[in-house]
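So that you can tell them apart, the chains are marked A, B, C and D in the order they are listed, and the count of residues begins at 1 in each.
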Amino acid sequence: MEKNRVEAFSDGLFAIVATLLVIELKLPDGPSVWLDLLSIGPKILAFVLSFLIVTMYWVAHHSMFNFVSRVDRNLLWLNNLSLLCVSFIPFPTAVLGNHPQDPNAIALYGITLILVNVTDTLAWSYAARKPELSGKHLTPHIATLVTRLHLSPVAAYTVAIVAGRFQPLLSLAIFVCVPLFFIIPNRWVSGNIRSSVK
Amino acid sequence: MEKNRVEAFSDGLFAIVATLLVIELKLPDGPSVWLDLLSIGPKILAFVLSFLIVTMYWVAHHSMFNFVSRVDRNLLWLNNLSLLCVSFIPFPTAVLGNHPQDPNAIALYGITLILVNVTDTLAWSYAARKPELSGKHLTPHIATLVTRLHLSPVAAYTVAIVAGRFQPLLSLAIFVCVPLFFIIPNRWVSGNIRSSVK
Amino acid sequence: MEKNRVEAFSDGLFAIVATLLVIELKLPDGPSVWLDLLSIGPKILAFVLSFLIVTMYWVAHHSMFNFVSRVDRNLLWLNNLSLLCVSFIPFPTAVLGNHPQDPNAIALYGITLILVNVTDTLAWSYAARKPELSGKHLTPHIATLVTRLHLSPVAAYTVAIVAGRFQPLLSLAIFVCVPLFFIIPNRWVSGNIRSSVK
Amino acid sequence: MEKNRVEAFSDGLFAIVATLLVIELKLPDGPSVWLDLLSIGPKILAFVLSFLIVTMYWVAHHSMFNFVSRVDRNLLWLNNLSLLCVSFIPFPTAVLGNHPQDPNAIALYGITLILVNVTDTLAWSYAARKPELSGKHLTPHIATLVTRLHLSPVAAYTVAIVAGRFQPLLSLAIFVCVPLFFIIPNRWVSGNIRSSVK
């Protein structure tokens, strides 16, 4: 299987997942359009949050595959496993939009995201350990940095899941901060990226 | 991130949004197919309108990226922000199809389109100001022309939103005219495009 | 706009339309899975029919673009107009699946298909008349053959619409025969294609 | 029709089918999110199962097309026939998720998968028999191995359909084992693949 093929399939899947999220948004048949819109405010926020998170994963997927030069059967299926978790995201997004302060809805959302990061990291660790899959320019130092970037959100998501039992709003704030942390230019991310690209 | 990648992802997303619009169309279980069709006439018109607008944005996105030679992290996320607004379009389209003369439905539709144009222009302004992202053949004159083409619909959408309070049909006419203005060959658009391509 | 771009966007749209058709299929909550399946038999047949028709249009679109070397603004929008009609197909398919013997459902389905063929032919006629868009190897003889292949189904669809008033089953048979005519190898199609490729 | 085109269209369709599966997942409005999630457990499992099966078919499709160098009109339509069956998968998946122990739901699911394998094998047999479509490096030995890999699941699915009358859980176990058999590295698959690639 050529690398280009796997990337094109993954890109398509990320684009479809990002776009499918909007299907969940339906205006209820209430007294006025304005009040109806307010009533689904949490669903709209969940849509925006998940769109940012899915595109964040897409960017991460690309950065990762920049260091992959060949795809073998195992890497292919570890990647498919990660895509399975990504394609599941619209469901916990809808649940969270309907029950934004429910600890179990928060846990479902967090666990799904953790699974994406873990399977992503599994695929990366496998590729990084095999010199015939990752290119020559991948040093152990870079491999560790990329793994750290991929695993760091897991800690945040875990805190969000636990906090959901006591302070649901804190959990939601954490979910929002993770993509913002990777989107808004900051030293930690750009420092790690720069030293991994060098 | 290579420019090709970003374009392929954006193309996929535009194609999916354009196609998802039809999902909203459901024939009610009325007395006759003919009368049922008439009853959802506004939804069908909203579908056609949004399809034209989404493909108009797709064409604009391409014209813009013709002048971009490289994509950095900030441009990538400004583009994702614009795609977020594009992927939201099916929702206000459905609301407008259900409440075609409601001022708030018109405002929601107009605001969504304004957000697409504004984020699009943000991405463009960022790229145009950095010589390492835009190619050498981009003169300040062209940069201004492209910005003007991208921002001009904002004025029309604003008028449509205000007019929605008094004359909803006028608002709908304005929404229809914007894509037609870019589709039907005319001097203003082709003049600006020609002078920007030269 | 490069030709490759337009083809990739069109390919994506055809693939999404073909796949969205299945969303309409929902098993009712009846007494037994077997009887429920029988009760939605017409919807399943409408799904299969429309899938074949959409892929037939995809193949026709490709054959046509083989003779196109460049895309200008007008051809781009004529192509978008044709894609608009294609992206509408899931709706009349659902209506036909729900009311398989209703003359108006048959008319809606037939008119949609006619619009695809007419807009397709408009795009082709425009491209064929401009030597800078179609390549040098396009002779007037081939241009006429392609036009004939694209317009011939219009006659069949018109007969189907009229027959729907008296013999709905005859209409459905005609709808089924059109894609089969292009799929199953036969002299008329292959003769026209061969002489146009020569 | 160029081979690349057919592959890109097929890739897009596989990615969309894999992603559409999640649309079926809706949380019922029950007493608690946790109990509601448990109540749709079978649907979630059906989603995971079908995602693995669709990506398995995608991998098989690629392996097959590695040996195809040119696509003629017949191969194109045999491929489309196979894609028709693939695009149908979300429907039996939803039925199985709703009636996981119903013999008819199991039969519908199994028959759909058998149709994918049979049409896939038809396309392959046609391509393998024509030297102008398959490349020179395809020996009769490899052609037989690929056919065997594509047809072997049919036997398993048939057993699952029959077992569904007596032991529905056994059928489900068989459905799960087929993709796992191709995903988890094992001698039979890798031996066949290795000897076919040599």
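Note that a contact is a pair of C-beta atoms (placed from the backbone, for glycine too) under 8 Å apart; a residue touches a chain by one contact, two chains touch by 3 or more.
Because the structure is a prediction, the values reported are computed rather than measured.
Common partners of chain A and chain B, by the touch rule above, are absent.
For the pair chain A and chain D, the fraction of shared interface numbers is less than half, so the two copies use mostly different residues to meet. With every chain reduced to the mean of its CA atoms, the largest distance from chain D is reached by B. The distance from the centre of chain B to the centre of chain D, each centre being the mean of the chain's C-alpha atoms, comes to 38 Å. Note: centroid distance chain C to chain D, computed from Cα atoms, is 27 Å.
Of all residues in chain A, those that touch two or more other chains are 8, 12, 16, 20, 23. Taken together, the touching pairs link the chains into one ring where each has two partners. Here chain B touches chain A in the complex through residues 1, 5, 8-9, 12-13, 16-17, 20, 23, 73-74, 76-77, 80, 83-84, 87-88, 90-91, 94-95, 98-99, 102, 104-105, 108, going by the rule given at the top. Every residue of chain B that touches chain C in the complex is listed here, in rising order: 7-8, 11-12, 14-16, 18-23, 25-27, 32-34, 37, 47-48, 51-52, 55, 58-59, 62-63, 183, 185, 190.
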